[in-house]
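Chains: A, B, C and D, in written order; residue numbering restarts at 1 for each.
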Amino acid sequence: MNTQTEMKESINSQPEEKPLLKLKNVSKSFPGVKALDGVELDVRAGEVHALLGENGAGKSTLMKILAGIYQPDGGEVFLEDQLVHMSSPLEAREHGVLLIHQELSLVPDMTVAENVFLGNIPRFANMFVNNRHLNERCGEILTRLNCKFKPTEKLGNLSIANQQMVEIARALVFQPKVVVFDEPTASLTDYEKVVLFGVIRELKESGTAIVYISHRMDEIFELSDRISVLRDGTYQGTFYTRQTNEDEVTQRMIGRDLDADIEHQPPELGAKALEVSGLGIDGLYSDISFDVHAGEVVGFYGLVGAGRTEIMETIFGLRKPDSGSVQINGQNLAINSPSDAIDHGLGLVPESRKEQGLVLGMSCKDNTTLANISEFTKLGWIDTSAERKVFEEYMDKLRIKCPGWEYSTLNLSGGNQQKVVIGKWLSTSPKILILDEPTRGIDVGSKSEIHHLIRELAKTGLAVIVVSSEMPEVLTVSDRIIAMYDGRITRCFDRSEVTEDTLIRAITGQTGH
Amino acid sequence: MKVQINPIRTFQNLGKVSLLAGSIISLGLSGMAQAETFRIGITQNNVGVDSYQTTYEQAFEDAAEEADNVDVVVLDAGGDVARQISQVRNLIQQQVDVIIIWPTDGQAVVPAINGARNAGIPVVVTNSNIAEAGQPLIASFSGPNNIQQGAYAAEMMCNQLGGEGNIVQITGQPGYTTAIERQKGFEDRLPEVCPDVKILDTQPGDWNRAKAQRTMEDFLTRYDNIDGVYAADDNMGVGALNAAKSEDRAGEIIFIGATNFAVGYEAMARGEYHGSVYQSPAEDARNALNIAIAVAQGKEVDKMSYFDTPKITQENMDEFEKPVF
Amino acid sequence: MNRIIDLVKRQPIWIFVFICVVFFSFSSPYFFDIRNFSNILVQASTIGLIALGMTFVMINGNIDLSVGATLALAASLAVGLQPQLGITGAVLVGLLSGIVIGALNGIIAWKTGVDAFIVTLGAMIGVRGLVFIYTGEQAFYAHDLAYSDFGASSLFGMPVLALIFICLTIIAHLVLKYTIHGRNVFAVGGNRVAAKEAGIRVGPHMLLNFILIGFLAALSGILLSTQMGASTPNLGRNYELWTITAVVLGGTRLTGGFGSIIGTLGGVLAIAILRNGMNLLQVPSFYVLIILGSILIIVLFIDKRFAEPQGVGA
Amino acid sequence: MLQFFGKHGISVAFVLCVVIFSLSTQKFLSTDNFLTVVMQASIIGTIALGVTFVVIGGNLDLSVGSLLSFATVLVVDLHDKVGPGTAILLMFVFTLLIGSINGYLIGYLRLNSLIVTLGMLSAIQGITLVYSGGKNVDISDQTNTWFAFFGREALFGVPVPAIIFIVLGIILQIVLLKTGFGRKIFAIGGNATASLFSGLRRNRLVFSTYLLSAFTTGCAALILGSRVMGSQNNVGEGYELLVLAGVILGGTSLLGGSGSIARTVIGVLILAMIQNGLLLLGFPYYTQWLVTWVVIIVAVWLDIAAKRGKLFSTY
């Protein structure tokens, strides 16, 4: 792709050798866990320094130390050769170190400008808000970022991607020396990524040091100058991006070889499990028709906001359609609630596992049996030992790393949390399983495990729908891919006929096949 | 002349929907008949908190219906001083001829009464008196002599105990003049008639039977030698009796109350309850209304218009009708 | 014109206030009268002053249940200490007591991280205990008539209490809308973590708002006691509930991050006008309770129907 | 240390209360007094059992005080009119009806529970007054009615109110921990959205928690009505906050998703002991309020501090 070559060229402009930010032998412990153990890092002005590691490897902890949210137990942080102690985000900011969160830390009810200047609002007479100055300065920054929205817009009305831009705008207010990006593309589509990368490139050229944290290997290789790898809280070395390759860093990161790519055999199609015809909700999506057979995986690919999640929620009984029908196993069924859906053999692994997937305060076992607790009860009484057996069965099958069935899901890593959610649905013995962004924010190792799992499930005769914003993912797991744009299905591909280019065209509305 | 449609009855017939309509009708009617009549406004303490106040309100409205020349505005402060003050303000603004006030608090309503006086509206205090400072401001007080009632209770207690013993006292709501006066009357009179009767403890029962019952339970746990209980009204007195009965100690204790309630009257008939003070809310209400009318007509009235509240005991209870509340 | 429509959309409670005014004006000859309106303002001022502070605290995502007890404490001190300290001294001590209780709530909420609901529920019970201990269950009377004269006085034909309420409402509106502190109130309530990481000192910020509401509750109690020339230990019971009701009617979101002083003023006036109007119509007090309760629920229902988009039932 | 207090703080406080009061007054540590404490706690405690379910489900119920007044007035008033059996039946029918209004507004219409139950607090008070016409209600023949069983009698030397409280407590603790219903209540309180996505019928579950709190309030009204053999219209005023204080003291989080009936029972008993002990020591009744203030905040603080791993918060 175009951008790739451009990026490669820009690296030729040699970054300065002197580190702007240097971490020496940094350690941090939490009760029972050693999160960081003797980590080294040096970041130079004008470079993009990628930080790579599985979930739980200590990236977030390191990042929070940089941003002054945590203080290290041991080791030193140098900024421009000065030893610094950053005991709060405020101090970190004063030192010129800024963090851009994975989970947006914005205030939805306030305006864009107020968010951009949060905690730093222009004032007069030391007490009052200088509204004109506020909006003008914000306007300048938005122009610099090529943003189309106004400073006075309410933040909550913006798309996730635009909110991400507001986060970045916020960092620019301080003319920072170091900007830390934590998974900035997690909720962005490929198209929006391009815009973001442009901004990062601009920052870099103006001499800012950038720490870029991501799970996505392609992004890291596209964007970064150097890569540092963490594993289990320990430092695994730094590599020049040009002199390494995906296999090497992956090996460093997970300490083992990833399974080879999934082989695709044409699926053994069973009966038509799900047939959707003419489904529509005014203002969200319209005229959605497709079917899924037992034993196949259908991928839904499109931009965030294309209506994919809403369709799945409708099928699952969470939304009422204005038109159309859903047939399951050839029967026309009215599904008015998730419990109806479950009764008819549907399962939905939702988009956001922390908000929609898990009751975080409950144990792994309790979460696993939540969707079909009635099957474990006799006259209202829960048969705990039957529950445990089922949980342990899925713990083995899905390789969930969980210290015990009583263990709270709150403390599991993202990948293991997602596996618990999948286990929950598998324990209901569904006929049709919908997975919405099943690997968002999950490290490479778990991701590949989940991909394998999806293929295996299809082989056992399950009908599977995978909604994803990542092209590699849909390409890896799907037998067929349905592309969506703006609430409509633009094209339906067989795996054999799909190319990256046609797929991109289909989801950006360029439907000239 | 009957101008006031009893809102409660009207609403019970018409239901909640026509609630406001009902009021409008009643107001319209009263407006038509206004020419020759006095408008008397009353703000009560807390109707519904016990039967005495509710019976009073009904008796007041009935008496107003019977009288030829009055039109009444009946308000209820719900026990909240601030609300009572704003109700007095509202009555001043409506320019009623006389304001009757049943004080939520003996002292806090004084400035409001002063405000009424400054607006040229005479004020009659009913049932529970206001503080000394307010006395020059009011036209009259109509109600029971609560100090006297406390003293009566002390005398009855003394008689029943035969001159010596240990007693506990359950008072009314703290800060409320009736409660303060009954306590004062009791505590002042007791040493005069019976120097050997000792008050072990005093706690409030807030005019509430359940609360008084609970307070008595605590007394019973704490003291092994309770010979008598003085409760500031029968409602609380019966609560104390209940507590003693459940501990099987009722037989050894003398119960004296005030404001004879039906439950107290019945307990007295069963021989479990020993003395009280007979006080009729209907008489209380009629007395207040009559004085207010007299004030409105410009007649001379007594500054202190007490109505009779005699002692009632097991011996003389046949002379009294069972209270309706 | 559009601005007016917009305002009505954002402040539905004012439509309700308007309807009430029209309705009562037609049903009672005493309602539409400048003296009645100033009565309503005086009546609204007690709950209203506390509600100003409550708006800050609730937009902050907190709540304060201890205001009724604080009000009683301040009133008792301001009246009870007059023989020793004189009016000015006693009033200052009363105001100080409100600030101290507010600061105590704020510091506990800040340092322990216990939810404000629980912190102030405890204070609501405990401060009432303090009132009873200090007063020995007695009502206090202000012997100096100047004290209660103040409560009854007027300036430019308006009762002083109403003027104080109006002035403080305007100031509170300006502070919330145009100062840095005001802007931070929304930031902290909208996203506490984000506010903290943006360098807003969340703890001290919330402390300041608790002090503000403590001060306003004390002021409200003292002004109420000037109307009575006295204080009673039971003063202000259930006021926390009516204050919260007024603020919620005014559109402030319970979870924080959204609200306005204008809305709160509307909520306070709505309750005061309803009470006043129903008094004038002689609606029996039993029904007043039912009507006020139902209106609260109905307004909440309407607000939810129109304010929130219908989406996934989550 | 902190972890220990977080986990067992409430039990420690309970033992501490017993020890302190026993050492300071001889009357405290006796079977009689203990039964008095349990009996006095039984009304608030019984209500608190149902409210614990509401709070675990992520909501609040401030209307229970008014509802207690309503139920007590109803059952006492109907006792003489239709006989005790029918009176109890009708009382439960109407109490559950009001509970279902709460449940409908909060469960099905999704209105905020604090405000709805605040409105209901006022409305139910009004309904009670309209029903009774503002008068006290009494049972005329207090000795010869089996209605006396609930509040005045004892089985094997244990007062019936205490038995109702404890037995109901045990049953509901089992329901909470061992049944699918209890599990689902934890789930909706812990994460309503995830529960919905897991096919739990949130509407119905929230609705049922309010039915449950109305039911336990009805049981409390039986005890109260039978003990007093009469009722005033404001008899339950302020109970909602005492109930809530007991639930909070028991460590149930107001955010929902965690809590326990057993700990609620201990919480309510501690409050009752503080009251009883201070009275026995001769302190005025209002000193208990100060102690309650301190105890509530310290208890919740320790609970949170244990979860946080640090005594002080960091904002």
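Keep this in mind: a residue touches a chain if its C-beta (ideal position, glycine included) is under 8 Å from a C-beta of that chain, and two chains touch if they have at least 3 such contacts.
Treat the numbers as computed from the prediction; the structure is a model and nothing was measured.
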Neighbouring chains shared between chain A and chain B, ordered by label: C, D
Third chains touching both chain C and chain B: D
Chain whose average C-alpha position is farthest from chain B's own: A
Chain A and chain D, separation of their C-alpha mean positions in angstrom: 44
Averaged-CA centre spacing for the pair chain D and chain B, given as whole angstrom: 33
Euclidean distance of C-alpha centroids - chain C vs chain D, Å: 29
Multi-partner residues of chain C (each touching 2 or more other chains): 132, 137, 196, 285-287, 290-291, 313-314
Touching two or more other chains - residues of chain B: 8, 47-48, 204
Residues of chain A touching at least two other chains: 318, 356
Chain pairs that touch, as defined at the top of this document: A-C, A-D, B-C, B-D, C-D
Residues on chain D engaged by chain B in the complex (per definition of touch): 27, 32-33, 36, 39-40, 129, 132-136, 138, 140, 152, 224, 227-235, 276, 279-280, 284-285
Interfacial residue positions of chain A with respect to chain D in the complex: 31, 316, 318, 337-339, 341-342, 348, 350, 355-362, 366, 370-374, 376-377, 380-382, 424
For the chain D and chain A complex, residues of the former touching the latter: 178-181, 183-184, 186-187, 190-191, 193-201, 257-258, 309
In the complex, chain C residues that touch chain A: 178-184, 186-187, 190-191, 193-200, 257-258, 311-314
Contact set on chain D toward chain C in their complex: 62, 105, 109-112, 114-116, 118-127, 129-130, 134, 192-193, 196-197, 202, 241, 244-245, 248, 254-255, 284, 286-290, 292-294, 296-297, 300-301, 304-305, 308, 312-313, 315
